[in-house]
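Structures given as structure tokens follow.
Here come two complexes built around chain A, the first alongside chain B, the second alongside chain C.
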Partner chain A sequence: MKVKIKEWNAIATWRWNMPDDEVCGICRVQFDGTCPTCKFPGDDCSLLLGKCGHSFHMHCLLTWIQQESSKGLCPMCRQKFEWKQNDE
Partner chain B sequence: MLKIWSMKQQQQKAENAEGGKKKKKVTAAQLRVQRDLQELALGSTMKTTFPNPDDILNFTLTIEPDEGMYKGGTFSFTFTINQNFPHDPPKVKCSQKIYHPNIDLEGNVCLNILREDWKPVLNLNAVIVGLQFLFLEPNASDPLNKEAAEDLRLNREAFKRNVRTAMGGGAVKGITYERVI
Partner chain C sequence: MKEHLPPGIAIAKSENLEEWQMDIQVLDDNPLYRGQTYRLKFTFGSKYPIEPPEVQFIQSAAPDPRPIPIHPHIYSNGIICLDLLSSAGWSPVQTVESVCMSIQSMLTANSRDERPPGDADFVSYNRRRPRDINFFYDDDNV
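This part shows the complex of A and B:
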């Protein structure tokens, strides 16, 4: 029997490469969810991985870092927060 | 795919039918406070009360220390949380006029994590543990009530007596304190 495919729809799923139950320390929402100001997860609401080993939703961390009282420090360990580049 | 669209449209219609007026947006601060409140470990010595149950950003915490120099007293603190929480710490004030080295006569509290050492990964539980600790271990090195701190540093026993006097509604060095027992 020959089958002719007329149409097909591809579906894909994705998730951040993070342990299942880990939450952002600032908003306490899972990394797979968005930060509280965003509606859709993905590149528009990405994660920031710190060199100190602590990660946050990008928007959560930026709100903190832009605040003077943060002194540019990681809210977890109080080391200077520097983020890893993608290829590191 | 088509089905999802029509479902979405129906949902939109239902929302519009409700009249948009009921759309109360839950803010990031509220979400975070909700989580913090769920994780609160109050134990037997603390209690929270919400004057307005719809407003979780304003509440009162009552502490009744069951050991230490302040044992037997009832102390209440008002928590005022702004929309920038958890980037800003909660504002905490003691409602009574009490004799304590780290709490001034207006009720302002000197606790590092309420000011310079606050960071957004701390939660409300950290704050209430801090408050509880102030009653177990008053700290003379970072005072808001300088006289009380001086008393504690120079003569711990005399300080203890002053605490009892003040808690009973008496006067210490000319200042009358509120009765909290």
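This part shows the complex of A and C:
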């Protein structure tokens, strides 16, 4: 018997490569969820990994860094916040 | 949050996201604070936690007395001079719990039975909100 596939739908799941229960230290929502201003998780609401080892939702961290009082420092360790490039 | 609060810290009111009240106690045997419970009022603006909440002690009379703790950085109207509550010292990873713990340890560590210098004047004339006051952090020892 020959089976002819007429149509198929691919389904995939994804998650950030982060420990299961870790939350963004600023908004306290899980990294797999969104920052408080976004509706859908994913590339449009991505994470920023700091060279200091601390990570946040990109939008949460940018809101903080744009404050003059942040002085560009990581909210967690108060070192200058510099993000890791993908290949680091 | 309720289930795993540190000892001596309890939620008194948290019905909305504008204002919370927390009860704190000093657990060691510091004679200045022994047996007392103090009430902190947190007021959150729309930019919390990017901007700090306004935090001060509030007073109430018997049967549920909540005095204003004596401390060289706490004015008798409940306003607290604490770096981490100012825009310059605040970090958005602070939480209600971490702020309560800092204030609790600020009391624990204190042995001076004093109000800040100029307390009487400050309390009669101040009409500003705590975060608009430029405190001088001239004494890091308490």
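Convention: the second predicted complex is superposed on the first by the 88 of 88 C-alpha atoms of A that agree within 3 Å, B and C clash if a C-alpha of one lies under 4 Å from a C-alpha of the other, contacts with A are read in each partner's own complex, and residues count from 1 in each chain.
Keep this in mind: a contact is a pair of C-beta atoms (placed from the backbone, for glycine too) under 8 Å apart; a residue touches a chain by one contact, two chains touch by 3 or more.
What you are looking at is a predicted structure, and each value in this text was computed from that prediction instead of being measured.
J.: I'd like to know which partner A:26 touches here: chain B for first, chain C for second, both or neither.
T.: Touch partners of A:26: chain B and chain C.
J.: Taking the superposition as given, does A:9 touch the first partner, chain B, the second, chain C, both, or neither?
T.: Touch partner of A:9: chain B, not chain C.
J.: Using the touch definition from the top, say if A:64 reaches chain B (first), chain C (second), both or neither.
T.: Both partners, chain B and chain C.
J.: Identify the partner contact of A:36: answer first if only chain B is touched, second if only chain C is, both if each is, neither if none is.
T.: A:36: touches chain B, not chain C.
J.: Of chain B and chain C, which one touches more residues of chain A?
T.: If we count touched residues of chain A for both partners, the winner is B.
J.: Would you please give the residues of chain A that touch chain B in one complex and also touch chain C in the other complex?
T.: Comparing the two interfaces on chain A, one with chain B and one with chain C, the shared residues are 25-28, 60, 63-64, 67, 69, 75-76, 78.
J.: Along chain A, where are the residues that touch chain B in the complex?
T.: Residue list for chain A touching chain B: 9, 25-29, 35-37, 60, 63-64, 67, 69-70, 73, 75-76, 78.
J.: Mind pulling up the chain C residues that touch chain A in the complex?
T.: Touching chain A: residues 49-51, 87-88, 90-93, 95 of chain C.
J.: Touching chain A in the complex: which residues of chain B?
T.: The contact residues of chain B facing chain A are 1, 27-28, 31-32, 35-36, 86-87, 116, 118-121, 123.
J.: Which residues, counting only chain A, touch chain C once they are in their complex?
T.: The contact residues of chain A facing chain C are 25-28, 60, 63-64, 67, 69, 75-76, 78.
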